[in-house]
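Labels run A, B, C and D following the written order; every chain starts at residue 1.
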Amino acid sequence: MVMKKFINDPKNLTPELLEGFALAYSDKVALKNEKLVCRARPKDPSKVALVTLGGAGHEPALSGFVGEGMLDISVVGDIFAAPAAPKVFDALKLTNRPAGTLLVVLNHAGDVMSSNIAMQMATKAGLNVKSILTHEDIAPGANAPAENRRGLVGCIPLYKIAGAAAEAGKSLDEVLALAERFNNNMATLAVALTTATHPASGQSIFALADDEMEIGMGQHGEAGTGRSKMKSADETAAIMVTQLLEAVKAKAGDKVLVIINGAGATTLMEQFIIMRGVGKVLAQKGIVLARARVGEFLTVQEMGGFQMFVAKMDDELLKYWDAPCDTPYMTVR
Amino acid sequence: MVMKKFINDPKNLTPELLEGFALAYSDKVALKNEKLVCRARPKDPSKVALVTLGGAGHEPALSGFVGEGMLDISVVGDIFAAPAAPKVFDALKLTNRPAGTLLVVLNHAGDVMSSNIAMQMATKAGLNVKSILTHEDIAPGANAPAENRRGLVGCIPLYKIAGAAAEAGKSLDEVLALAERFNNNMATLAVALTTATHPASGQSIFALADDEMEIGMGQHGEAGTGRSKMKSADETAAIMVTQLLEAVKAKAGDKVLVIINGAGATTLMEQFIIMRGVGKVLAQKGIVLARARVGEFLTVQEMGGFQMFVAKMDDELLKYWDAPCDTPYMTVR
Amino acid sequence: MQTIGTNTVVKMIAAAAARIRANEKDLSALDSATGDGDHGTTICRVMDAAETAAKGDTSGKITELLNKVGWDVMSVDGGSTSPLLGSFFIGLSEGAGSSAELDAKATAAMFEAGVAGLRQQTKAQPGDKTMIDALVPAVEALRAAANGGADVTAALRQAADAATRGAQATKEMVAKFGRARNLGDRTRGHADPGATSISHIFTAFAEAVGS
Amino acid sequence: MQTIGTNTVVKMIAAAAARIRANEKDLSALDSATGDGDHGTTICRVMDAAETAAKGDTSGKITELLNKVGWDVMSVDGGSTSPLLGSFFIGLSEGAGSSAELDAKATAAMFEAGVAGLRQQTKAQPGDKTMIDALVPAVEALRAAANGGADVTAALRQAADAATRGAQATKEMVAKFGRARNLGDRTRGHADPGATSISHIFTAFAEAVGS
């Protein structure tokens, strides 16, 4: 398939998209050093700051959630590629404050290396920084070692909860503890239907037959384990949510947050139908759908498919999930 | 191309998607009579109500904007097909109140017929209802008769502005006058790149060659006028925004609201790059980008392309645009 | 047949629904050429609703039966077809008045009221390549036959033939209404799906009355 | 050549960048088979940054030159390659110490420090089908040659040959790191792109010193 995308020079994708994003949401975000997406109105420096990092091409992705109640800075790399460590260090210097900064890292090799180096630099420079790694993909098995499990859409509710705790004036250790509790109670599984084209190279990032789907595929077309014939929405929803509920050990009476995250081309229509299928399984098991979101949070260009996210919630986590926030792609009143 | 979608029985698409939608956003919306999407917490009956109608398959579409500060009821039809007149009348009966109801109709033949009949029924029944028709597509020319110009994404900011005026306690005539002022100062142009499949029939809704795009295509693959070879993001943005600014007669110093509405498969990355191109033209002309939104509001399944929307704003319109609202797909604090 | 009563009306509607069902695929294919490809689906749902409503009638009165048919057709979600045909059936109901049996002239008057009802919903004129191009000549032929002394069977036969010719004639027309309008000149050469449905409906009406 | 100084280091880096540029397409194609297809692009950007930094050096000191190269490589956005190679160059810088001229043994020590720097960033071991599978044997061969009395030119020649063999050997391996890991067994039969880049870099180093 030929790539059909509205772009200019493929070399400038990331700076151009960030420029357009910052232009559209100039009331909420401001660009610094070309690739640091910062809050337009910085957070009170007495509160803990939240920084994250990741490649571009997944819009709205991380940068879409910079703003009051969520992230302070998102450090953007290039298309599907981690930002360089010195940029992450720049962000940590920008948020430097006695209250400290929490660096949220998604488990992808490049991101982990950049953030490890940045953390070393920060420690040397005497900054008060801690980090947390998300790795909630259960494609390799819920009990696979953390280092083999990717960080997927779960980072976004984690920003929400940690961000709300930070706004509430919690200390760095408290914010970290809360984020870790959420981190340990969340799971994501992705499914792919149709491929996407890498917007710089114009190449398809994977291939599936016309009648195939693949459960467990990663954010960049990384192969999963569950290639099968196409299934109905209800079957797909049931298979995925069952594994996810097991992974977070949810039982009757437990409250869960569910997010359906469209990969790109899969319509909201389909995502709602999947959500309905999830609801049926939850009802059968007596698990409470406490909160839900359906939409595109972390995409893979025009890939067809979605990520399903489940987190077991307690009252404190719910309180922070419900707290106000104001970012380009998530606002809570 | 084979259709690859997560669905169950194609006959049940609309009720199933609405069920999943209402389940996910049960804090904001509730389903009545299967296809009326209503506010979960109804508006104070002393205030003017807002009702709209339209086909499904365009999610989040109209129903995504039901909630505080925007719509009271969205009446949903079937995939790409208007809801029946009696259902629209049901909605008007549900919102019936001395303050009155404003029915917002997008100019599509089926919607217009259903709403005309419903308005006749409402008048016979003595309900206090007025209606407004959006027809801001400039594909047939900005000066083409209103009846030949389709209603596109412009309905959504119109809901926002009229909804805010209603929440502010304005009378039906005042809300209508404000909505008409906005209606007369807005324009949309769509561009298509790749087709979508009708989720019930599995058929492609149009065809474009691998190196072609089409400016002016409608919400259902209705042919436009501007088929051409693919252009860069900057060229496309400049051609479209120039026509739109002319249509709303924007001149240096004027303030505009710009919305880039993704059709489905076109990425936010591309939409941001287009937004950047729009910004360059505005800067050249000395027109102020007062507000902007980029994302999927009214989609056409997995179609590649987008709608570009421009409205000339005054201080009162901006005030209502900025007013708080709380709906599944638009929240303003 | 000299007159028609409720039983015949039910038979006519059931026959029309059956004939539409048998042609669903073709009608959608026609709509694919000029519009959005859903006409077969929609007209089937419309006629299914009409058949169910007609068969469910307990009033025994033509006007009430047709009024129920009209509202139930109108209640089908489906673009332009359901308000247009719903208004047509409600118009028939109004045209039927209180009579229990309709002769050819009364039948013609009833169908004229149906056309008037439908035309309240659209500005489309004959020649615009819509269902009107089958409906208007059909009802004109019905009136002419009735005025000329034909019985209901013969008059409906005339109407069916005129509807079929009218639908055929839409092939030469350029669409000015509906989703086909945007295709303009490209619609030439294809019959209008709505007009084709009308020709099926009148053909089935004539057969139901004739048999 | 008995020793290398800053001028030679600049020449080596420039030659490596040129050789990488000439192989960009092949390297991306290799990465398409096992990973995400961007290695050619990224390693080019990395080596361009290295070349620019090296040529822009005004300190005249190997350690400072390599430190600047390391940071500039590290500053390239590009997945795993830039932190890995950035750490490698920073390691070289640390290994170079304050010497103005490095003989074969000092060169071996410098490269050993480079490997140590890179290995701080990853748990990948020899056999895991990564750039380590070219780098480790290259530096081992360099050390062995230096200890055996070879001059810098001969020692780097040995290193380049070992890197090329190491890169070749990755064909038989199954990827355990990087984006190729998920493909598991399907990576067998394809050389690792990162290891291939390392073989190009060492080959260019040897040629630059030899000529």
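Rule of thumb we're sticking to: a contact is a pair of C-beta atoms (placed from the backbone, for glycine too) under 8 Å apart; a residue touches a chain by one contact, two chains touch by 3 or more.
Just so you know, these numbers come straight off a predicted model, no measurement behind them.
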Exercise for the section: Compare the CA centroid of chain B with every other chain's and tell me the farthest one. Expected result: D
Practice task
Compute the distance, rounded to whole Å, between the mean C-alpha positions of chain B and chain D.
Solution key: 55
Exercise for the section: Could you grab the centroid distance between chain A and chain D? Build each centroid from C-alpha atoms only and quote it in angstrom. Expected result: 33
Problem - Distance between chain centroids, defined by C-alpha means - chain C, chain D (Å) - result: 79
Exercise for the section: Based on the touch definition given at the start, go ahead and assign the chain network to line, ring, star, complete or other. Expected result: line
Exercise for the section: If two chains touch, include that pair; go through all of them. Expected result: A-B, A-D, B-C
Completion exercise
So, in the complex, the side of chain A touching chain B is made of residues 2, 4-8, 13, 16-21, 23-25, 56-57, 59-60, 64, 193-194, 199, 210-211, 213, 230, 232-234, 236, 258, 260, 264-277, 279, 289, 292-296, 299, 301-302, 304, 306, 324, 326, 329, 331-333
Problem - Parts of chain B lying in touch with chain C, wherever the complex brings them together - result: 14, 35, 55, 77-78, 80-87, 109-110, 113-114, 116-117, 198, 200-201, 203, 205, 218, 220-224
Practice task
Name, in rising order, each residue of chain C that touches chain B in their complex.
Solution key: 28, 32, 36-38, 41-42, 71, 74-80, 82-84, 86-87, 121-122, 177-179, 182-183, 186
